[in-house]
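Same chain, two partners: chain A is paired with chain B first, then with chain C.
Our next item is the complex of A and B:
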């Protein structure tokens, strides 16, 4: 799953650095992701993983690292299963 | 058509009082009012009070019409964050037959929008918007950045409401600071405290709180959560009418959003940061009328002397 997340971040995160250089726990906002870019990332993740983030998850911390995004997606996929 | 927000009963009653006292004049469209002389006098005196308070900062004065080149709005990201509030200007560019057809439909108050073409202009959504491209066009900032007094300019928000404090067109009294991140953020915080003293000095029961902009849609909820978490926006609120206090001033730290959009760089080539503050002039006049009564001549002497005495 993290490979696919990394691919989507490289397309939508508008980072100042190459996503390949970041660990799963690295702070994406520190890596240059703006609030507007994180919205684009959120919408792209919803498309790719066929989920919808509920309002409670539409916050900064859910999208702050690859690991945090993976955890959120796993939670949503479990709920859907 | 934008969703109409009805007034709370005490908001409707307050509007009736304002109209009866000839402070506001109904136009038939909610949120768009004429202003009587007494209302306008208080607004201009408040505008002047802000100019006097800002004078020690040595701001550069810039004034713009309440219109923005459409390209500037397109570059600002406004249509991503606030598509529901924007107003763009369309105008007729057809031939004589089309002019005739347009007039016939318009005279019957039917839809004549098909004869209208988008112009190069939009309505200014916030008084600071024309400032950023103007400063960006000058090249790198001088050392220390710039402070701009953008005046009290008319701005437009497409949100029809029965609340007399929620206008579609109103005056926003703005000041803008552009420079190094720490400088800009400290300036915003200092002005928040200055403004609180100013409004309390006018007898208003004012308080400030972290706030968010009315971003559009689900992505907007995420932008709002991010804005709140980073404390990028503060508002000063006063009880006017209705169930909740009304924001009468806001203090906004944009980080590098506008500087990146309009190419504003620091003297050393780094991207600048920007902040602005805006007083909602009509809301402040309404708060004063609500607090001290509809006749400004009868307001407490200390409030009157602050507004009507030149420095």
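Our next item is the complex of A and C:
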């Protein structure tokens, strides 16, 4: 899952650095992701993983790292199953 | 806590709020109001209002009792902004902006330094201004160009080009947004506190605006060197989402509502005077006043519901709702709606009063109200906020 997340971040996160250089726990905002870019990332994640993030999940902390995004997606996929 | 202790604490809190509001109403009526015309005409700082507020210890109202503050509720402080706004928009704006800075510290209190600092604010009634906007960021408060540069002996320094610094020359302390380090990304911001002796403000340009003239907000180059402990430990994006932005929009909208309410009251006084002059005859302006009441009521409802939603979200442990995009949309919309509706009400009031509303020297003058509320749409430009909201609307589900 994290490989796919990394791919989507590289396309939509508009980071200041190469996503390959970041650990799963690295702070994406500190790596240059803006609030504006994060919305594009969220839309792309919803599309790719066929989920909808509820409002309670649409917050900075849920998208601040690859690990946090993976955890959120797993939570949603479990709920859907 | 026992039920009795709970009841006693609640009664104590209600008494503190009532005493605080009685003092603020008195200051609004006896000090801010009588000086409002002069403050506006000369674009001078409302020093009498601030002196009176200090004497009543109103600058530390939001600071908890255990830190020497007033232990007053946020609701009462919002009401105080409304009450001051009814008498002097500039006094209300200075008071509101100070309380925004205090709230941003109190709600994210996480260091012995800032606990001690709040005790000082309470003891000395220190006035705090903010430096959040910056030349070159396009009005985006979530990005900074200025950065903290590490110095010797653990100090840090920065230089920031600020397009406006409200009452900067009259403030004891400043809260400034900067990037965390010279190599940090634009959004990697922290808030830093500086005391006047640690700062130089180099004024850029003059201050001769249309309204809110008493806020004395010329541009400045801010240069400061400070100990690293004066950096707020909580990252600015968190402070911004949970406190600074919603608190700003709520307190501003309360004072804009105050200004609009006084404009309405003047229009009503005008209609009553006209009705008394010709008893039994129809007063055409009375119908316009009724239309105006609808406009004022809409503004009042939006301001009130914004406050209630913020208070209920603030009570939850960790305040999870305030960091959501839905909350950002909610409180952004409060700012946009109130800043558009307040000058509309003032213009309507001028329409009711006619020439005596247009003239600057009658009991029904509306000019200052109209000019003051016209600043609302560009204190953080509405178009900038609409851009943010447009993006958030792509992803938020329930708005």
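Quick note on the criterion: the second predicted complex is superposed on the first by the 81 of 81 C-alpha atoms of A that agree within 3 Å, B and C clash if a C-alpha of one lies under 4 Å from a C-alpha of the other, contacts with A are read in each partner's own complex, and residues count from 1 in each chain.
Simple rule for what comes next: a residue touches a chain if its C-beta (ideal position, glycine included) is under 8 Å from a C-beta of that chain, and two chains touch if they have at least 3 such contacts.
Please read all numbers here as calculations on a predicted model, not as lab measurements.
Contacts of A:39 after superposition: both chain B and chain C are touched. Of the two partner chains, chain C is the only one touched by A:31; chain B is not. Of the two partner chains placed around the shared chain by superposition, chain C is the only one that A:16 touches, whereas chain B remains out of contact.
When the two structures are aligned on the shared chain, A:58 is found in touch with chain B and with chain C. Number of chain A residues touched is higher for C, counting chain B against chain C.
Residues 34-36, 39, 42-43, 55, 58-60 of chain A are contacted both by chain B in one complex and by chain C in the other. Here chain A touches chain B in the complex through residues 34-36, 38-39, 42-43, 55, 58-60, going by the rule given at the top. Taken together, the chain A residues at the contact with chain C in this complex read 16, 29-36, 39, 42-43, 46, 52-56, 58-61.
Chain contact summary for the complex, chain B toward chain A: residues 77, 80-81, 218-219, 221-223, 225-227, 229-230, 257. Chain contact summary for the complex, chain C toward chain A: residues 142-143, 184-188, 237-238, 241, 320-321, 323-326, 388, 391-392, 394-398.
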